[in-house]
Amino acid sequence: MTTPMVKFENVTKRYGALTVLDSLNLEIAPDEKVAIIGPSGSGKTTVLRMLMTLERINDGIIYVDGEPLTHMPKNGRLVPADERYLRRVRGKIGMVFQHFNLFPHMSALRNCMEAPIHVLGLSRQEAEQRAAELLDMVGLSDKKHQYPSQLSGGQQQRVAIARALAMRPKVMLFDEVTSALDPELVGEVLNVIRKLGKEHNLTMLMVTHQMGFAKEFADRVCFFYGGQIVESGRPEEIFSAPKEERTRQFLSAVLEAS
Amino acid sequence: MQLRQLAVCAIVFFTAGLAVASFAGFREFIPGLLEGAWVTVQITLGGCLLAVVMALVAAMAKMYGPLPLRWLAVAYIEVFRGTSALVQLFWLFFVLPHFGVNLGPMTVAIAALGLNVGAYGAEVVRGAVNAVPRGQWEASVALNMSRPLALRRIILPQAFVAMIPPWGNLFIELLKATALVSLITISDLAFKAQQMNQTTFRTVEIFTIVLIVYLAISVLITVGTRTLETFAARGIARGR
Amino acid sequence: MFWDWNYVWEITPALLRASLVTIQATLLGFALAATLGLVLAIMRMSRTSWISVPTAGFVEFIRSTPVLIQIFFIFFVFPEFGIVLPAMTAGVIALGLHYGSYCSEVYRAGLENVPRGQWEAATALNLSPYITFRDIIIPQAIPPVVPALGNYLVALFKETPLLSAIAVLELMQTAKILGSQSFRYVEPITLVGGFFLVMSLVAAAFIRQVEAWLNRSLRNPGGER
């Protein structure tokens, strides 16, 4: 078996007395598409935020592409990673947020050029070319010079996807990327993600409430409950024949609502 | 609305002042007052520049500096906000020479006012930076930016717009505080006012005109910051 | 020798006496500022524009010019019109006037934050405007702005050294006189600075307490339930 692209090893996250994730073990293969579902407060978003190093973990180790992410080797032992080490390894990961988090003082194009120029050290021409190609890919080549406040939510989220891709990550994280959108704008964003899955060799990890999309798009679905993976498997298994009672309850509640 | 009221006020007072002055043979004291006004403007400009620099440095040190630097910044901010501008001015003027530091009065004036307003400005900077949504920091991390880079390119440009109106108020406070330097022998507008008053006894005219000149400079500062605000806001959110 | 403790003990009684003058000027000045501020706020909010516009102009004018010049104006110019005031009175009036115009903005914010529905409810109950203002609006408008007023009290306190410019024997003037007598400025001026620092920090902590207490009691008027 090949080395997993992402590997959580006994990862625990606590906020004070509250344990959000309890000794999580999860391996994700290169190019695999994993959907994470579960009720709010089940710790699913925390998984992505830890992988993006937005949250520190309390216990365990996360590996990315065979390298430790949260820790670094030093004198033959693993010690918590420092900022310099983090910045080297974290470049393999990109993230798209629920609330887009575009930079409001920069045009769509500039949003996609900023980090390639200042972090990757690309020349302005290279960065602009790459940004233009990506904006074209997400169907926004005519909105290049617009500012985020002039774009619809769906357009903003597509810029955010292009911005993350401009860093050439190996792993893409999608954190409820359609939850803040008006219903009629959800489709355009999901289409971009579909296209991404087909055309790029990307490992994708998404937290989503779009059960239909998860079923059609993901290679694997993980159901989170109470800080643990209760059940995981191929989407058709999970959605049509869940083994666990809690999965069944959650799915019937979600499907009833929609 | 407020700006128009200010402008109307300025014009009314100015014509009234001129009318009074022209009856009273204002040639006696106008040149002296103008000299003083020029000194006031110089101190204001120097003080504002120092205040902005100090505010940025102190705010960054307080928020992101290593511990000893953080304490130093907190001490600076608390001491200069906790004591009077006049006490600070006198301290630099009378006490520093005892420690063998001899600065000219102009340097002392600019240093005292700049440090004083800079301490208030540091809290303005800190507030504006903290008001930038947390998502902007998170997006910067997700794009693998270093903290200084994110601060310089993403956070501070956004905080800048929110900072302009409070800085306008601080610049006016600084202008008003320049009157204190007359008490350490600098011949600014306030000093000239007293001097001219003692030689010409045109008390009413002199102090009225001096108030109007300060008002005029205040209005200039207000207009300047409003203009800057409009431009900056246009930069951050076109078409909003 | 940079610091002479014997000299410190020698001048402490004089400075303590002077600090009473400073505190007296602060309290009198603020009493004036708090009262005048409310009057100015109400005048500025008047629907009659020949009251509200000049008041707004006056407030902006006072806020845009130095207190020191205002002190001089009251002390030197008023006598020209036959109003001769002792230095302390002139200084207190100037400080009260200056900070009154700042306070008026605070009151105005407080008054504007009272929901319109309160006026409408009072009208529906046929209360007179005066009673509405006194019993309904003011009690709701003032408590939330008490911390902001407190901050101006501290600011006014820190401006009292300006009274030294018209020879009021407050802390700064006393320190200067002591310094010129002995040619030692280090101790008196540093002590004055320390006094202001300690008082300001204590006041700031106190205001934070009041703010926290107000936040709790405003959210739950009438106490525990």
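Here the chain labels run A, B and C in written order, and each chain numbers its own residues starting at 1.
The rule is simple: a contact is a pair of C-beta atoms (placed from the backbone, for glycine too) under 8 Å apart; a residue touches a chain by one contact, two chains touch by 3 or more.
This is a predicted model, so every value here is computed, not measured.
Sorting all chain pairs by how many C-beta pairs they have in contact places B-C at the top. Once CA atoms are averaged chain by chain and compared with the all-protein CA average, the nearest chain turns out to be B. Among the remaining chains, A is positioned farthest from subunit B, on the basis of C-alpha centroids.
If you average the CA atoms of subunit A and of subunit B, the two centres end up 47 Å from each other. Centroid to centroid, with C-alpha atoms defining each point, subunit B and subunit C lie 21 Å apart. Subunit A and subunit C have Cα centroids lying 55 Å from one another. Against subunit C, the residues of subunit B that register as touching in their complex are 2, 5-6, 8-9, 12-13, 78-79, 81-88, 90-91, 94-95, 98-99, 172, 175-180, 182-183, 190, 193-194, 197, 203-204, 207-208, 210-211, 214-215, 218-219. The residues of subunit B lying in touch with subunit A in their complex are 133, 135-136, 138-139, 141-147, 149, 153-154, 157-158, 235-240.
Residue ranges on subunit A touching subunit B, taken from their complex, read 52-54, 83, 87, 90-91, 93-95, 97, 99, 101-105, 114-115, 118-119, 146-147, 149-150, 163-164, 167.
The touching residues of subunit C, when paired with subunit B in their complex, are 2, 53, 56-57, 60-61, 63-70, 72-73, 76-77, 80, 158-162, 164-165, 172, 175-176, 179, 185-186, 189-190, 192-193, 196-197, 200-201, 204.
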